[in-house]
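In the two complexes that follow, subunit A is the common piece, with subunit B as its partner first and subunit C second.
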Partner chain A sequence: MNFVAELLISVFLVISGIFGFVGSYGLIKLKDSLQRLHAPTKATTLGVGGVLIASMIYFYAKTGHLSIHELLITLFLFLTAPITANFIAKAYLARNVNGEDLPDSATTYGWSVYDDPPENMPEAKDV
Partner chain B sequence: MSHEGTLLIIIALLPFVGALVPGVMIRAGRTACAWFTAVPTALALIMLLILAPDVMRGEVIQAELQWMPQLGLSASFFLDGLGLLFACMITGVGLLIILYARFYLSGDDPMGQFYTYLLLFQGAMLGIVLSDNILLLLIFWELTSLSSFLLIGYWKHLPEGRQGAKMALTVTGAGGLAMIAGMLILGNIVGSYNLTDILQAGDQIKASEWYLPALILILLGVFTKSAQFPFHFWLPHAMAAPTPVSAYLHSATMVKAGVFLMARMWPALAGTDAWFYIVATTGLITMVMGALIALFKDDLKALLAFSTVSHLGLLTMLLGFGTQAAAVAAVFHIINHLTFKAALFMTAGIIDHEAHTRDIKRLGGLRHLMPITFLIGTVAALSMAGIPLFNGFLSKEMMLEEASHTKWLDSYYVVPVLATFGALLSVAYSFRFISHVFLGPVRDDYPSNPHDPPAGMWLAPALLCTLVIVIGVAPFLADGIVRAAASAVTGAELDPHLKIWHGVTPALWMSIIAVLGGLVLLLLHRPLDKAWIATPRPEAKAIFDALIMSVVALMRRITDATHNGAISRYLAIFTVASVALGWIAYSGSGLSAPTRELLPVPIVIAVGWVMLVVATVSVVVMHHHRFRALVLIGIIGLSISAGFVYLSAPDLALTQISVETVTIMLLLLALHFLPKVTPAESSGAMRFRDGIIALAAGGGVGALAYAFLMRDIETISDYHIANSYEGGGGTNVVNVILVDFRGYDTFGEIIVLGIAGLVIYALMHALLDGPAARRLKNTDYTQDRSRDRHPLMMVVVTRVLMPIAVVVGIYIFLRGHNQPGGGFVAGLVIAIALLMQYMASGFAWTQERKKIEYHTMIGLGVVIAALTGVGSWLAGRPFLTSAYTYVHLPPIEEFELATAMLFDLGVFLTVLGAVMLMLYSLSRIARSAGETVNEAAMDYDPGEHVEDAKGGT
Partner chain C sequence: MLRTLIPHPFLSLTLVLVWIGLVNTVTLGNLILGAALGLVIPMVTAPYWPNRPRISRPLKIIEYGLIVLWDIIVANVQVAMIILFKKDEDIKTHWIPIEIELKSAEAITVLAGTITMTPGTVSAMLAADCNSILVHCLHTDDPDAVRDEIKSRYERRLMEIFP
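Right after this comes the complex of A and B.
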């Protein structure tokens, strides 16, 4: 394996390690759930991403073939991490925030967590 | 196998195959149903008659199919004279009963069921008389108990029927258990379970010190089945069955099974003092006592039942004498008793059917109203009484002749006097049957308007009565079959000549005394009856019920003490027992010194281990908070999966991760409807006790694993690794073990998994009616629910993920045979993909879009796995042997096709079905808790909205 590849792999591993550490530290340091959910979903996504890129380079340098497993993992990660964050936020809102304290939704119906979906779909604005 | 041998196997199987038909044919009408029941029976009879000439010449026809040779169990059959006699009786009377039952059963009775049970019973009986292997015989023996249970309890709405069936099953079943032990001893003495070998080893058996235990155990089975004193009490209670059943089981076949077995085992067991005193004495007591009770029974069928008990006693006594002449008499009486007793039962049935009562005290004078029935009943009853020119006379003479020169202890009088007394009582109740039912003036208070039944009903007993007279007048006609059967019983060449007149012998005088005494008893019946009723007698049913009740009470006390409903107690008992057994094994083992060094522990692994320990301890500490405990359990599961990966067990890791995911998801869903906190119920002392048990068990398992890891032990793994590719065609040893080496285990496991899924479904069904359901309905879940139940983002993402997940599942499935993966993991992966859909869009919405029932999926899975296994039979290999080949289709690389893959497909379907069924069960709780069904896939569907906008413009 040539030096450039090794260097690249090391750089990405270090980057991912830093992001992973920041994410984990944030999980302890940040104050409440809404703040905390950023730590694992954002920082750690980048951390794992770094490992995946390092892994792709490693296998390319070693076998000469492009490994696509990592792309699949990335895809799953990109799909699941935001949804998880979204769900944690919704759960937090539903449990800890009173709907009446929130600003008005500026439509005829309320925020989705607190109000049933509208019976009749409102007019589309962009179509 | 010879041509005859094949016929024999077909005869034995025909009724079982035939039993599949009546249940279906009943839709074509009752007559068609009867015809289709008669066909297999008639075919079996015809085949028997084809074989008959050979057997009558003294040949023995044999056929053998290997079944479980390791156990000494083979499906082998043989047909000799005795077997032929019984097989012809079973099929011949079977035919008559089928005819009779067609007219006897009313339109409300489920006739298809009746004929199915009847054929099952017939098959079991045929199996007993044709078996050449005593283990096979035992199987059929138990089958007769089971099928007769169904037949006796046929009228499920009658409590007498149910109780009678239960009693018969208990008594004959318990006897059967004793007999199993006896037969096993017998097989061990001889060293073979083949009947033909055992029959030739009579001297060896009688010389063995195990002879007496074996004899007693076998006789227990025989006596219970043949209703011998003191086990006779079940037979009268079994009379609650429909009369065709009584006529078939309780006169002709099942109760004769015991007699048959005594006759069968005669060469091996008979001829010793023990045999004589146990068998002959029991028979004698039964004969006299049965006859005595029969005389005072008012119920026609009860009278016949006790008379049957008495005649069975007579047969037992004859076989107990152990002489060849007595054996001939027994065989002949078996035929005669069959003819007249079946006819009498059918007569009783006709009277019951027409007069709507079987109470002798309410009958009388029927000869004017039912002349045909009168004729049939009288002929049969006279034969039962033993009047000359009827066949009962002949065998009774032979019995008295044998009794007259039998010495019991030192007395030459005990047996002849008691036998004569028994015959006298028999005459008395037979005459009573005729005079109190048919003779006398016509009464005007019958419950119904009695008249002769349609021909279909009296044809069967009439035919039997013809036989009664034909054999009675020309006994030499029965010479052939009696010779063949008696020779088979004794194992010697016999040449009996049956005739009416034997000259003036002691037996003739005894007979005359019996007839005259019987007449006197009949005349004195009224005062005697009063005296009988006034005498206190032990009531067998009350004793039996009390016995059963006390056993039940005892068992309940034991069960309540150990299984009191608290799962902690079950687990404690189980764990303590395992630890104790492990300790015993360890202390007696003399463990050798370790042969390996402890490997160095890498720092990463140590950290992981510490995390695992911390998580486990946290579960113990926090288990009252269920959500927290669940999260911790998830952490433990993932750590263990990581451990598997580290220890090079990728298959286990894959399985562990997917199982973990599915369980956590289902548990989360379930937890929503459960209390979130476990109340603290255990006292400090209990916790201390449980802690010690847990530590002992955990420490024990740890020590065991450590001990094994520190030693070089030869395990089966080496064999598996060496043969995985050669034998199973796969390089993934774990998968090959699952689908090939231990495929049978896997097959069992998927069945268990399927059952578990179904049981959860069923339990949930019961749960939804109970107090838990009321709690659910009364709890308000609306407030802890977010208003957006099916968020757009989630729905869209799960839709996107679905095809990817399915592809991953298929990929894991296909590579399973050679690389980590397989049907189980694939099933779980796809289940997770589906679970996501259900969680995103709600269960009911998703449910509408699936095409296949989960129950069906489980069934299909098991069936596919089973068919794959059976498929290897076609290639002449054992169950579940896998075959594989390599296929090359041009665009893709060469790949492997293995039958194991089909088996894996079965595993896959069962796993998927079971998981989804569990989810379905949970969603039913949700529905019952008031969850509504959404119509759209998500709360706010922009797609629809775009459609609307387009339509609008």
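Right after this comes the complex of A and C.
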């Protein structure tokens, strides 16, 4: 493996290490659950991303073939991370936050955790 | 006939590509197995997806993806800076309600996912009639600017992709 490849791999590993650390540090530093939610959903996407890019460069430099497993891991992370964050936020709101403390929804119906959907909800908007 | 056989062409194509990615080598056998999965899975799950998402400008998806990718990198740096260098009492957390004009469930899902992945914002929930979305912002001095940016940067582009 040549020097440039090794250098690039090291740089990406260090970047991902820093972001992984900041994400974990945010978990203990921030005040309440909803603020803590921001730390792992963001900082770890680049933390994991750095390792994956480093892995792609490593396998390309070593075998000469482009490995696409890493791209799939990125895809699955991007699909699942927002859903986890959304579920944690909703569970927290349902348990700990009073609906009146939130800003108004600006439509005729309230927020979905506290208010029932309209009777004749059209199929296409059934989320 | 073709509609019952391939109810979701995009889903079928994605499944084939994901399958080839998972086995990591392109051979005829893998292609056939991938194609079989791409045919069977959409047929079996068709009752859960009664409507096809209408996509009017597929090329815009690439532009949107690149913008979101760039914003995720920026988001990581910004959130890292807030975590490392801001004192707890200086962090101004806001709830931001945003009215949305998007109509299809797919478009709203993409918007909610994008908001969660980008600078310091997490989408918490929708209004019961799906006409506005509640966003939790980790730190901002100007909640209205955050709302306007989400509307002009993401929602406007999604309106072009999902009419």
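Criterion: the second predicted complex is superposed on the first by the 120 of 127 C-alpha atoms of A that agree within 3 Å, B and C clash if a C-alpha of one lies under 4 Å from a C-alpha of the other, contacts with A are read in each partner's own complex, and residues count from 1 in each chain.
One rule holds for everything that comes next: contacts are C-beta pairs under 8 Å (C-beta built on N, C-alpha and C of every residue); 3 or more make two chains touch, one makes a residue touch a chain.
Quick caveat: nothing in here was measured; it's all calculated off a predicted structure.
A.B. asks: In the overlaid three-chain picture, which partner chain does A:37 touch, first (subunit B) or second (subunit C), both, or neither?
C.D. replies: second
A.B. asks: In the superposed arrangement, does A:105 touch subunit B (first), subunit C (second), both or neither?
C.D. replies: A:105 sits against subunit C, while subunit B stays out of touch.
A.B. asks: Which chain makes contact with more of the residues of subunit A, subunit B or else subunit C?
C.D. replies: C
A.B. asks: Answer with first, second, both or neither: which of subunit B and subunit C does A:26 touch in the superposed model?
C.D. replies: It touches subunit C, and subunit B stays clear.
A.B. asks: For A:87, is the partner it touches subunit B (first), subunit C (second), both, or none of the two (neither)?
C.D. replies: So A:87 only meets subunit B here.
A.B. asks: State whether A:115 touches subunit B only (first), subunit C only (second), both chains, or neither.
C.D. replies: In the superposition, A:115 contacts both subunit B and subunit C.
A.B. asks: Using the touch definition from the top, say if A:7 reaches subunit B (first), subunit C (second), both or neither.
C.D. replies: In the superposition, A:7 touches no partner, neither subunit B nor subunit C.
A.B. asks: Common interface residues of subunit A with subunit B and subunit C?
C.D. replies: Overlap of subunit B and subunit C footprints on subunit A: residues 72, 75, 79, 82-83, 86, 90, 112-113, 115-118, 121, 123-124, 127.
A.B. asks: Over in the complex, which subunit C residues touch subunit A? Could you list them?
C.D. replies: Within the complex, subunit C contacts subunit A at residues 18, 21-22, 24, 50-51, 72-73, 75-76, 79-80, 83-84, 88, 91, 93, 95-97, 99, 103-105, 108-109, 112-113, 116-117, 120, 122-132, 134, 136, 138.
A.B. asks: In the complex formed with subunit A, which residues of subunit B make contact?
C.D. replies: That would be residues 784, 786-788, 791, 793-794, 797, 800-801, 804, 939-942, 944-946, 948-950 of subunit B.
A.B. asks: Give every residue of subunit A touching subunit B within the complex, in rising order.
C.D. replies: Residues 72, 75-76, 79-80, 82-83, 86-87, 90-91, 94, 112-118, 121-124, 127 of subunit A touch subunit B in their complex.
A.B. asks: What residues of subunit A sit close enough to touch subunit C in their complex?
C.D. replies: Against subunit C, subunit A makes touches at 18-19, 22, 25-26, 29-31, 34-35, 37-39, 41-43, 45-46, 67-69, 71-72, 75, 78-79, 81-83, 85-86, 89-90, 93, 102-113, 115-118, 121, 123-127.
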